[in-house]
Amino acid sequence: MTFPTLALVILLPVLGAIVVGLVPKRRPELVYPLALTMSFLPLAAVGYVLWEFEVGEPGFQFTQQVLWYEPWDVSWSVGVDGISLLLLALTAILFPISIAASKSITKNTKMYMIAMLLLETGMLGVFIALDLILFFVFFEITLVPMYLIIGMWGSDNRIYAAVKFFLYTAFGSALMLSGIIWLGAIGGTFDFKQLLDIPLSSSQQTWLFFAFGLAFAIKVPIFPFHTWLPDAHTEAPTAGSVLLAGVLLKLGTYGFIRFNLTLFPDAAVRFAPWAAGLAVIGIIYGAAVAIVQPDVKRLVAYSSVSHLGFIFLGIFAMTSQGLTGGVIQMVNHGLSTGALFLLIGMIYERRHTRQITDYGGVARVMPVFAGLFLFSAFASAGLPGLNGFVGEFKILLGSYLRFPVAAVLAASGVILAAIYLLWAYERIFTGPVLHKENEKLLDLNLREVLILAPLVVLILFLGIYPKPALDRIEPAVAEVLERLEEATDYSVPDFGVPEELDLAQAGDE
Amino acid sequence: MIDLIWIAVALPLLGAATLLLFGKRFGEPNAGYFATALAAVAFLVGAIASIDFFTGSAHAEHVFLFTWIPGLAIDAEFLWDPLSAVMTMVVAGVGSLIHMYSIGYMHGDPRYTRFFAYMNLFLASMLILVLGSNFAVLFVGWELVGLSSYLLISFWFEKPSAAAAGKKAFIVNRIGDFGFIIALMLIFATFGSLGFEQVFEHADTLLEEGGTTVTLITLLLLVGAAGKSAQLPLHVWLPDAMEGPTPVSALIHAATMVTAGVYMVARTGVLFDLAPFSAGVVATVGALTAIFAATIAIGQRDIKRVLAYSTISQLGYMFMGVGVGAYTAGIFHLMTHAFFKALLFLGAGSVIHAMADEQNMDKMGGLRKVMPKTFATMAIAWLAISGIPPFAGFWSKDEILAATFNKGGFFVVLWVVGLITAGLTAYYMSRLMYLTFWGEPRWADGVKPHESPSLMTTPLIVLAVLSAVGGLINTPWRLSLEHFLEPAFEAVHLAHAPEGATPWILAIVSVLAGVLGIMYANRRFVSGELPDETGPMWDWLENGYYVDDLYGKTIVLPGKKAAEELAFFADTKGLDGAVNGVGLLVKQMAEWVKPLQTGLVRNYAVGILGGAVGLLLFILIRGGAL
Amino acid sequence: MENIAFLPIGPEIIMLFGAVLVLMSAVALDQGRRDWGIIGGISLVVAFLLSLAQWLRLDFLDSTAELSFTARGVASFRHPMVIMDRFSAFAGMLIYLVAFLALVGNWRLVTRLGKRGAEYVALVLLATAGLHMMAISSNLILLFMGLETASIALYIIAGFVRVERNSDESALKYFLLGSFASAIFLYGIALVYAGTGSISIYGPGGIIDFFATEPVAFFDVGILLTGIALMIVGLAFKISAAPFHQWAPDVYQGAASGSVALMAAGVKVAGIAALARVLLGAFPSRINDWAPLIAALAIISITLGTIGAIGQRDIKRMLAYSGVAHAGFMLTGLVAGIDGLPAVWFYVATYVLQVVGAFTIVGLVAGVRSGGSALDDYKGLWVRSPALAGSMAVFMLGMGGIPMFSGLVGKVGVLFSAEAAGYVWLATAGLVAAVAGLFFYLRVVVLMFFEAPVMAEAPGTATTGPRLRGGAGFVVVFTAAATVLLGIVPWPLLNVVRNALL
Amino acid sequence: MSPEFVVFVIFAIAALAGAITLVGARNPVYSAMGLLLTMFSMAVFYVLNDAHFVAAVQVIIYAGAVMTLFLFVIMLIGVDKNEDREEQIPFQRPIVAVLSGGLVLLIVLAGSQAWTVGTGGGTPPGTIENISDQLFGTWMLAFQATIFLLTIAAVGTLALARYESKVLGPDEGDVDVGQSPLRGESSDVEVDQSPLRGESSDVEVDQSPLRGESSDVEVDQSPLRGESTAGEAGGRGESS
Amino acid sequence: MTVTVAWYMILAAVLFVIGGAGLLLRRNALVMFMSIELMLNSVNLSFVAAGRALGNLDGQLAVLFVMVVAAAEVTVGLAIIVMVFRKRATASVDELSGMRG
């Protein structure tokens, strides 16, 4: 047996949680640095995985399978491919940042940090699980720490938000669990790779597609299921918002790619137009609603709905470009929205209000803050040169090949994104300083800048040189598409170009 | 050398980053010198790299940097051909001058270094735009200049109007980009690539001439170009953009960025060639914009707004030029316009600077003697823009008009429009000059105008020289520019000026229009008295035909209202209400169930007995025992 | 004597002796001494060990065939009375474990009862013996006697703390309804006897024999089905499955908090064991008749239990309703027949541990003797007593079916069985209801963790809540640890229950 | 018209009459009498079915002992008077009528084809010999199991009905029940520990992880202690 | 006309249901309890009758044990009723509805 690297990856946060838990009560000042240190361990492990990952190899790497319970054929089955690799890395990076940004948590710090580290385990686990039950366990376990984080350290309306978040997403998961069990009962195994070979009838695929799809759709969230998100994002403490937007939402989109497209290809192809329709509605709706939000955190939350709509569109375009764009956009959204939430958290710590009208002219007193906010906002709005563009561009170009109308409508999202972000920026940062309280706001200190620095660097890096990331995604995406082609009458959309001119295909080589 | 053209981009980029991160270390004048030096070096790099084109010994070359987006076959790659060479030199050259000018102009600004960082960023972005070898890189530059424009317009963000103007510029630009992106999607879907070379090479095989696809692509590109170049109906942002510092207006909103649309149409000439309808639309839009903006410029009181509408109007000329296929003429006018409009703006800036930030021409007058250098240089630009030979504007404008006339048919109408516009242009520019420099001083109290320092006047002089003689590079007798650009337009059917006597007649007519305009202005303003310019018509003109209000009332307000309805009714009440409603329903069900638990033993016993009867009934019926 | 194997009934013998010893020592010892408590505890431990010995002994027998108290080699004995198989051994272990935990966890109840504590302990021992009898009986009448033994003892326990306001109401309700249900159950036995000619499940001439030798269509099935249905009614009452559940909230609320654990947990184990013994042991061939019935009961239980729990303000009532829902889940596993049994066992085992732990905490927070436990008492428990609140959260989340707690594994198990048996609708509906159920489990968590504690008049007292120590501490920690451990590594127990078949 | 038929009809009517009396009589004493009548009729039926021993037991135990007990309690608690018969629970009677009718109907329909799988005949009469053969053979274990019931009955009756002026044990301080159970309970915690600790060593061992918790709480409770140690440390620093 | 097992069974069923109805209709705990006794008696009749038809003694043995159970139940049940009466001076179950909802 090879060294269980991935098991180590998800056990390290648990170890961290234990270590933090052992901090004696009379030394509370140790909790923060210790938790921060501990959160670097999984990052190091994920770094090792990144380093050792064979680029260009299709299929899963670092696989490991240990049979757990023979009658159900449940096993500890893990592995990473290009899709999960990047999300793994995103998660591992966002956690130290989030923990570092949690300095202002003074109540029950220890429990908070433990919850954070356990949350990390769950989130990392989702991306490596190759057994459906295992996946479900990780998928669902993330709810508990997040629930605690929102409910205990959130702002005024936190209980409502926490309960809503928990119940809403758990509702989706319940249907998925039923679907998983049914699938396991049909296939006689819960192992993902074996289930790929189980033929499912059309109606079975439909039901299972919806059972899984609803869970993921709520998690993403897709348009009509999004209402938990603004509440949860808004009420959560900064780190909670960062992780919600950065990672948690990606569990849904990841699930769509990993399971809905591959396990139920027939249904996926059949319902793809509907999914694209919902995605487009989500893009425009989320952006339109974001424009008029009076609460800046809510605004960013709704912008997530819009952005996730892009990702969703890319996924269900089922083209190489769209799917790749979707995956890279998951990472991008995590970085840019994460940065935005961090920034909002930083000013919230100073002013304890998120209402846009309570600000105005902040750029004069906090120039560094304003600059970083604008940077993140533009990254979020898909400015070329920053990361958001790469994904959005790929998604649009890729989805146009399959759903031209949807892609055209989705492109209007770029206008709306500029409107809500710049308008918010205008109202918060520009003009004269309207409120006395804002006169004396301190600009970001070194710690805060350092927290944001890795995000800024990554935003720039992925915007300018996304090739390393894309090179890792593409073989995995190609495999998904191959499976779709095999299982259905789906085919790669015709470019209308002669074979020898098919440059996009040639460019993949 | 050509392989190193990326240095021209990298230097200002580096400058921007350095100034942003370590600007404070530089201090006030040094940051300006640093940035100016970088811009100048970029210009030098571009100039040296284009030497081979002058000798005609070089071909277009691709400079591959790195693979940017695999899967879309998009590389970070530059294309060095005569067109990009011209653009690079214009951009970097004018840019360097304006950088230099700004050293003085921005003196004492608290965010001095930041200004130069943004300027350098703009320069780099613009160079990326003109150097890109594919649509994606072009789009990168396209968006980045938008960003720089945004940053610079709202540079004095404490002024709410400045902040709003920046936002407006970016958003309106984004509306154009929307069209651009869709065009890119279409191009990618058609060609499987976004590279200029691949697209243009296969355009005639993959696209049918005048077909829907190519027409659609080009029209969408036009939307993008209209956004960037402030053409109808997306022109509204440019007048507001005057909220930015004047060097910004000169560089971005006169000389370079706004011409990106023209550049783009010229660059994609192959496609427009295949879509005559779109080309016609481009020309029409250009002509309409030209006359539309020119009429508005007549009624403006703010010196910079006059110039802004003038810019829009001149951009209309360029569109007309590229629309009729006179790409060289378009680029030529782009170039001369860059010289004289930058000069006009810088001169206006000098005036504003001298007048203690007064921009209203009603409060000026009589500056001729106080600011001789400014007056002299601006006068050259005035003549240039009015189309008086031999100044630069005459040559380029005339070429466009001639090419339009030569196209015949419907385009003759456009020529007439262009001609009228030429007259109007001469009139409103003269009006500007008379109001500012002639007559009695109408200065506000305490204003003591003075000539600007030499750091500011030097660029004026350089530009004045260029405005005066710049037109000579492409005269009917010596078509240097056209030949220079020829390799870039190999695949395009270039429109040419007519042969024989016609061009002479056309030139005379257009000069006449200019002279008429100047003469009428002379009659109206030479007395030094302000003519009465009130009344509804003037209101309409001064407010730009109330287009902003129209947009506000028909798009912005209803849009906002709709968004509010969506957010606070559909979302909160509808969707979220449904979700909460389910929760409430469950809770309500609990309340409904509660009374069943009466606490009475006999009721519970009923439950047991009832359950038993129910189960019995169920099992017996299912078991077939009944 | 050589024909008599004592091992199968060993636990009962121990229980009886234990009860008698407790009573006698209570008389003999001085007032105030409670050494008989040790006797009670040791008896339960020994009984547990004997059940374990049964399990281990079965490994050495030639077959898993019944090893019964009277049947081997004695021709004149027509039916075996009890049967020793892994099923009964596992049930025994579980029942004695639960009883032990329930007793130790609420030891304060015993001490507070003073001299009557001995009677209480004796009754607990006897009730436990009755519960175990339900699991080991091969004879339906003996099963009935076991059920009555347990029930009658529990009626008394429900009313044991007479001064409490509602305890008499609790006892009387339990008694009347329980007797009613027992009568129905007994009628079911009578009809099954009439329908199969046998009153014993195993052995020559037993019910299994009847189905094996006679063609099933030989007689009209009506009376047999009626019998089965009525027996189901009786046992469904015991495990408080809807619509036979209405006693549970009232009885739990009125009974002393310290005594509810046994009522809620022990009876569920025994009830499910008896139900499995009857349905899977005696009527496996009639599964198509009774499985839909069980499925219907399951879905009604899950729905009504969940909805009922949502509206509660008293945690004991809430747990009672949640117990109804959990009974529904156990029944869900049962519809799959013998294939579902391991899952049901796992579910039962993990659930009862959670429930014992939860009620122990209820005893700590509300007082072991009290006849009520308002949810508001849990406000800010996290601040007052982190360990207690943490453990309670474990139980709540475990019951709610959150991963990493044993409840989810149990749910997956029973639903897997049900879906494999074709009851996809049942599993899906159950899961949706389970989410609604999360609502009230979460509410406890919300109260404990997110709400500020209710300040008492004296400022100092608000910060000190009930502490986890002593027997209650042991029980809570043990059950919480089991809940978490079995949630993370459920495989050992799963492998055990795989063998705990009939 | 066999004799059995005649007897059956007569006693069936008697049994039903007794049952109806039980349910319908306003006075509990009459109800008890009705039940008594039914029980005697049952004994007759047992005889008709060759269950002689059972019949005897029925008369002796049921009709004799149990019913006496019932009557005794009726008298004891003084409910031997007519009751108000008005039904308070809405729809109770129609519901009961429907359910009862339905249940009878279902059982009768279910059994209409065959009530048993046996064919009758060859029954060993339920004499004492036959019964005892069975009782102490096959059924011996069940017989022994009755000891549980009887013990419970004895203990339970004692526990429930014993009259005490002070119900709770001597160490119980509080009898105020309703007011604040929480505070009352927690104050008892200290008192109750000792017996438990002696109870079993397992418990003692497992307590240890908890002890850490409780000591933590104590530390938390007194911030002063932390301060004082800090002060000491500071003092030491100064002195050195 | 011979009396078959069916007669007894039907009679038992009717008595059982009457007993059940009594439980549901009467609110005197004692009478309710007597109704339960009636139900148990009717079950006993079923056992005996079925036993005769089946030709074995198991039914009768069952009856014996049911009697023991019933006796124990009576003892405890009456004790509970007495306890309730002592506390509330009533035996009406309708008045015992303090816990509900």
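As written, the chain order gives the labels A, B, C, D and E, with residue 1 at the start of each chain.
Note that contacts are C-beta pairs under 8 Å (C-beta built on N, C-alpha and C of every residue); 3 or more make two chains touch, one makes a residue touch a chain.
Keep in mind that this is a model prediction, so the values were computed, not measured.
> Where each step is a move between two chains that touch, what is the least number of such steps from chain B to chain C?
Shortest path length, in steps: 1.
> Per the definition at the top, count C-beta pairs in contact and tell me whether B-D or C-D has more.
Result of the comparison of B-D and C-D: C-D.
> Report the chain whose CA-based centre is farthest from the CA-based centre of chain C.
Here the answer is chain B, farthest from chain C.
> Using C-alpha centroids, which chain lies at the maximum separation from chain E?
Farthest by centroid: B.
> So what's the Cα centroid distance for chain C and chain E, whole Å?
Here chain C and chain E have centroids separated by 26 Å.
> Where the centres are mean C-alpha positions, what is the separation of chain B from chain E, in Å?
Distance between chain centres: 96 Å.
> With chain centres taken as the means of their Cα atoms, state the distance from chain A to chain C in Å.
44
> Quick check: how many Å separate the C-alpha centres of chain A and chain E?
65
> Counting only residues that touch at least 2 other chains, which ones in chain E make the list?
Correct list: 9, 16, 19-20, 23-25, 27, 32-33, 50-51, 53-54, 56, 58-59, 61, 65, 68-69, 72, 76, 79-81, 83, 93-94, 96-101.
> Please set out, as single numbers or ranges, the residues of chain D touching at least two other chains.
Only 89, 92, 96, 99-100, 103, 106-107, 109-111, 115-118, 138-139, 142, 146, 149, 152-153, 156, 160, 220 qualify.
> Among the residues of chain C, which ones contact at least 2 other chains?
79, 141, 145, 148, 152, 155-156, 159, 162, 165, 171-173, 176, 180, 184, 191, 194, 197, 220, 222, 225-226, 249-250, 311, 439
> Quick check: in the complex, which residue numbers of chain D touch chain B?
So the residues of chain D touching chain B come out as 89, 92, 95-96, 99-100, 102-103, 106-107, 109-110.
> State the interface residues of chain A toward chain C in the complex, per the touch definition above.
68-69, 71-72, 133, 136-138, 140-141, 143-144, 147-148, 151-152, 158-159, 162-163, 166-167, 170-171, 173-175, 177-178, 181-182, 184-185, 211
> Note which residues of chain B are touching chain E in the complex, please.
The contact residues of chain B facing chain E are 594-595, 597-602, 605-606, 609.
> In the complex formed with chain D, which residues of chain C make contact?
Touching chain D: residues 9, 12, 16, 19-20, 23, 31-32, 34-35, 37-38, 41-42, 45, 69-70, 76-79, 81-82, 104, 107-108, 111-117, 119-120, 122-123, 126-127, 129-130, 133, 139, 141-142, 145-146, 148-149, 152-153, 155-156, 159-160, 162-165, 171, 191, 194-197, 210, 214, 218-220, 222-223, 225-226, 364-370, 372, 377, 385-387, 456, 461, 463-471, 473-474, 477-478 of chain C.
> If you look only at chain B, which of its residues touch chain A in the complex?
My answer: residues 20, 66-74, 76, 136, 139-140, 142-144, 147, 150, 154, 157-160, 162-164, 166-167, 170-171, 174-175, 177-178, 181-182, 184-186, 188-193, 195, 198, 202, 206, 560, 562-564, 566-568, 571, 575-576, 579-580, 583.
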